[in-house]
Every structure is written in structure tokens, then in C-alpha cells.
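Both complexes shown next keep chain A, but they swap its partner, so chain B is in the first and chain C is in the second.
Showing the complex of A and B:
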């Protein structure tokens, strides 16, 4: 009898464990399906500008073709920027930017991959402005560096926009400035990003 | 399960990746000239390129003439970019007191990515007029001092360092010496090889197919380096030609490379942005 009882217990335990496994797997599957279907936003026309102030000449440029995907459920953000799509007021600046500084033939894209670290504080279902922090890795000129930047999310009737502004130094990304123009070019560059997201339909 | 979620991380961009977009290939040459002849490069819209060219005397004259540096011939010119595909230019050379002008239009531009195109095709049309008084008392008519040239430039930037181009050229001189032909057909070869970010090796050669007595005239061959310093491009070179416009260097080159009859020369290009491109500023 005793032996039989123990045997029963073992069997029920096993059934319970199996059921737990099945439930958790189904749950996980459901979560990931939800993540794939609804929560991603994207753009192919994000705006990225940079500004560099220097005694002799201010340098600025704009790129209107940044590609970005934002996953609302996880807070992940990725941005890809084609370096040759930066437009300058002076075509010579554009040429020098691509040829001599960021070496666009060798390193055609700059990519940012990061997450919103304080996502729970932002409720993306209500209209309003949400100040958040984005941290991640920025790859530029073949160099990858950790960056943290403030990002303001604006929610307007389900539309998601984000504006971010931060500074970076050319040394961090091994963009060298020849001594002859050292005084003309600022070490620090201000980056402004402005993205209007659309829902990613799959 | 966990690993599946993990793998997804950092690949968000894959969801919207539609492959490489069409992208024009730029900066095949540092300058709008290979050395003497036009390169496949145009200057930007609204940009003025002030060009000062010097060709010195033949190196084989020795130290008394400072290897040719005591004698200089010069061309001063202005090129302007009307649009990104159209450049016009004028110039004046001391040699034969000659004016020149040209129109340069890019019909096709090399591109990569979607709907790519393997090379650039540029058309150049130009004219020259010399004003030097003839040594004899015979007065030449205005027409006889005029020449025209038409070129098609087929060029390709093979990689970030190497660019090559072919330049079939027709040159018409209204007046030529006996034994010469009015029409000269020549084929130009141009190349550049980048040695570093700001320094490149360049070579410019025109092979003449007909015209002018070969015993008196040579095909122009020039080799040199381009050095870029901010807004300037210096082209330092050796050439067997003293001419700095198409008529002069294609039909009046006399130096023989084999005999050391070459000249040192330089092209200095300084660009000024006259019309700035409007870019919408974010703040």
C-alpha cells in the first residue's frame, strides 16, 4: 500500500510539473507574439542634424533619411543613418565630411542601438510629453561607444514622436582633424534627432 | 525561449531593411581636371572654382634656367557650378594670349544600390581663341584663330582609391599649317590612385589618332600628385606639354619624355561657395 501511495504521488507531481511547463511555454509564446504584432513603430525619414561651432566657421548638416525602429513593449530603439545622406550648405564641406572625416566609403552607416532605461515612467497611451533617458551603443566611423542621452517622447492620439539632443566628441570616434585646420573645426559636435514614428505593420 | 528573445534584440532594423538605396558615387577625382584634361568630376552647384595654372620651362635646360623654373607660362580661370550636373568655365592663357571657355554637362552619374549604373558619362564642349599678333605682317582673320572641341568622358570610380576614365575628343581648328588636318581625333586616358586621404597620384594622357606631323609633335603625357588642404587642391606634376587648354595641349605638345623634355607645373584650385544650399535647420 505504502509503496503504491508513493508511486501515485510521484505521478501527480510529474503531471503538475508538465502542466506548469506547458502553461509557461504558452504564456511566453503569447507574450512574444504580442511583441511581434503590435508594439513596433518605425520611420525611414527621421531627421538628424549636427552642429559644430568653431571660431572661423560653423559647420552644420542635416540628414532626413534616418531609419529607426522603436519597440514600445521593450523600450528598444535602433537608428541607422546613411552618412552620405548628410546635406551641407557648402558642397565642399560635404565632400570633406565624407572623404576625410567620417570616411563614408569605408564606414557608410552610423548605427545606434539602445533602450529607454526609464520606460515605466512613460505611459505611451495618454497624450502628452514624456522625458526619458535612452542609453545604448553608438557606432560611427567604425568605433562603438556607450552613450546616454535625454529623449522627449510626444504622444498625440497614438502618434509617437521623439526628440533627442546630445553632444559627442570627434576624438571618441577616432575622427582625426589635420593640424592645418585644427582651429577651424570644433572638437565637440551637437546632435539633434527628430523622429515621427509610424506603426510597423507586418 | 529566452535565447529566441535575446537573438531578436539588436535586430529591430531588420524589420524595415529594404536593402541598399540608390546612392550616387562621388569624389572620383579631387579636382575637375585630371591634370590638363577634364575629369569626370564636376564642381558643386553654386560653387566658384578659381584656378591658377603654371607650366615652367623644360627641365633639361639645366641649372642656368633653374631646370625651367625661370620661365613660366600661366592660365587663370574661373569655373562655376550652375547645377550639380552643369559647370561652365572661362580662362585665359599667356601662351599665344589665348581665351578659352567651356560647358560641361553630366548626362549619367555612376551609382550603386538600387537601379545602379556602372559609370558616369559627361559631355564637354569648348572653344578657344588666340589673340597673339602674328610675327609676319599677314593679318589673320578672327575665324582663323578659333578652335572648338567636343569630348565625352566615360569614367568609373572602381573603389575609394582607384578611378579611371576614357575621353574621346574631337578638336577642330579653323586654321592649320600645311600638312596638318583641321580635325584632330584623340583619345584621353585619365586615372587617379589615392595614396592617403588627402594625397592622390594622377596620370593624364591623350593619344592622337590623326592630324599634326608626328615628327614635330608629341602626345601629351602628364603625371603628378594631387594634394588637398581644406579649400585648396594643389596639383603638382610633370608634363611634356606647355599648353593648358585643349587646343594647346592636344595639338602643340613638343616635349619628348624620353629626352627629358618635360616641365614642372602646378594647378592651384581654390573654391568659394557663392550660393549656399538651403538646409532646413532643426534646433
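Showing the complex of A and C:
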């Protein structure tokens, strides 16, 4: 009888231990999922602007519907825009941009995929400005080119914002300019990206 | 001096001035306010999203650059500086219709509440994660 009781106790202990292990594993999995989800940030309303100084007229346009995802743990960043969502002050300029220059019907999106190469060791939860470098590939007008640009991260009470500015040439992306305005349009275009990220909740 | 010797230079001058005038006006033409434009297509927000998800290229051809009148439920209103993004759709779906209201019409967006059924007129620019309409106005 005593032996039977001891045997019962051993079995109960084993069951309890197994249950504890399962609970621990589930908790560990939940914690790692929660931890992982806290690493990714996104926006659907990033701002991408471009500026081109030209003898005829300065050209500028804004797109405030850029989608971007930033993975804090790996430093990977992706920005996508719809070319037709660029807004120009002048209607005709917008038409020419979409029809003659970037051919938005044929190439409706532009995508940048890159990595923050020198992601600061500093905790992103600490308020401050962090100067970093982003490098990756920009696809525009069906052409993909390497881009290296400075990117400033601004951390304010857990909110992550980033500003990046770089220059690109139209020739690199095979954007041809009609000969009639060739001397009147700047070859170099300044791109400014401003993004306020939100934590990606899963 | 013969009559035609006066008439021809005058007509030429008028044509050149009118040509320059038209060119100048056309070059400086601003975007028309969407309120004044007639919608080419009327659709439910969810039906538009489904069409884009099923066949994005086909939907791009059908709807991009067109003025769409879209009915749907307000999911949220996002303050984006001097513009507002009103997102229409269904909470269960992955995507929605983002309607960008520019500065001149942002007051219309500010009055909206999540859950409200509305009709928005705007210009379709395609789809990223959501279908994006720009220069939107409330109908």
C-alpha cells in the first residue's frame, strides 16, 4: 500500500513537472513573440519629397503616402511609394512627370530596400538624435541602383522618426528628358525622406 | 500700303500673343478642386480593395488617374501635418482605402468619426498596402 502511494506521488510529481515545462515553454514562446513584435516599426504616411533646381524653374513635389517598415533589431528598412501620389503645384508639371519622365503607368511604384549599416548601440528608448548611414537599392523607373545616404534617427519618448536626404541623377534611372527642355531641367534631384514610425502590433 | 499688308501682320501678332497666352495659362494651371469634378466610377470601398487585391495590374488600368466616388466606413483619421488621411475599410481586412484630404479640405476630414459611413470623391493613384486616393473631398 505504501509502495503504491509512493508510486502515485512520483507520477503526480512527473505530471506536474511536465506541466511546468509546457507552461514555461509557452511563456518563453509568448515572450519571444512579444519581444520580436516590438522590434518592427511601420508607417503608411511617410513623406518623400524631391527638389530639382533648374534654370527654367525649380521643380518640387511631395508624396505623403509612403509605406515603410523598419526592423530595429536588424536595421533593415524598406520604403515604397506610388509614383502617381506625387503632388506638384502645377497640374501640367505633374502630367509631364507621370507621362514623359517616370512613366508611372509602366512603373507605378518605387521601392527602396536597405539596411542601417551603423545602427547605434544606444538604446532606442533613450531620447536623442542618432546619425546613421543607410545603404541599399533603390528601384525607380524599372532601374535598380545602389544608394548610400545619411539618415538621422530622432527618438522622442519611444517614438521613432527618421530623416534622410540624398541626391540622385536622372540618367542613373534612365529617365530621359525631352531635348526641347534638356538645358532647362536639372540633372540632379534631391530626395528628402521624413518618416514617423509607429510600433507594429501583431 | 495695301490692306493685306496690315491685316496679315496684325493677325500674326494676335495669333502669337494668343498662343503665348494659352501656353502661359496652361503651364501655370493648378489642379482643379475635386468638388468640381465628376466621378467616373462609383464603388464600395471593400469592393475596390478586393479588385486591387485580385488583379492589381488590371485595377491600375481601370482606376488609376480616374476620379472615384467611394462609399465606406471610416476606420480612422490620421493627422499628417497639413493634410489628413481618412482610412475607409473593414477592420477584419488587411488593407483599406486611404483618402488623402489636402489642406483646403482637411476641415471636412476633421469632423469625421470612426465608424461613420461616408462617401468620398478622390483621384486613384494605385495600391501599396492600401488603395490610395489623393485630393479627396467629402460628398
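Rule of thumb we're sticking to: the second predicted complex is superposed on the first by the 162 of 202 C-alpha atoms of A that agree within 3 Å, B and C clash if a C-alpha of one lies under 4 Å from a C-alpha of the other, contacts with A are read in each partner's own complex, and residues count from 1 in each chain.
Keep in mind that, in the parts below, contacts are C-beta pairs under 8 Å (C-beta built on N, C-alpha and C of every residue); 3 or more make two chains touch, one makes a residue touch a chain.
Computed from a predicted structure; not experimentally measured.
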*Joint occupancy of chain A by chain B and chain C, clash or fit*: clash
*Give one of first, second, both or neither to describe whether A:105 is in contact with chain B, with chain C, with both, or with none.*
both
_On the A-aligned overlay, A:45 touches which partner chain: chain B = first, chain C = second, or both, or neither?_
second
*asked:* In the overlaid three-chain picture, which partner chain does A:118 touch, first (chain B) or second (chain C), both, or neither?
replied: neither
*Of the partners chain B and chain C, which touch A:84 in the superposed model: first, second, both, neither?*
both
*Chain touching more of chain A, residue-wise (chain B, chain C)*: B
_If the shared chain A is used to align the two complexes, which stretch of chain C, 62-70, 80-88 or 98-106, clashes with chain B?_
62-70
*Shared chain A surface residues [contacts with chain B and with chain C]*: 44, 47, 65, 67, 80, 82, 84, 87, 89-92, 94, 105
*Quick one: which bits of chain C touch chain A in the complex? Just the residue numbers, please.*
26-32, 60, 64-65, 78, 80-81, 83, 85, 98, 100, 102, 125-130, 132, 134-135
*Going by the contact rule at the top, pick out the chain B residues touching chain A in the complex.*
1, 4-5, 9-10, 12-13, 15-17, 21, 23, 26-27, 43-47, 81, 84, 159-160, 197-198, 228-231, 271, 273, 276-283
*So in the complex, which bits of chain A are touching chain B?*
25, 28-29, 32, 40, 42, 44, 47, 49, 60-62, 65, 67, 69-71, 76-78, 80, 82, 84, 87-92, 94-96, 98-100, 103, 105-106, 111, 113, 178, 180-181, 184, 192, 194, 200, 202
*Footprint of chain C on chain A - complex, ascending*: 44-45, 47, 64-65, 67, 80-82, 84-85, 87, 89-92, 94, 104-105, 108-109
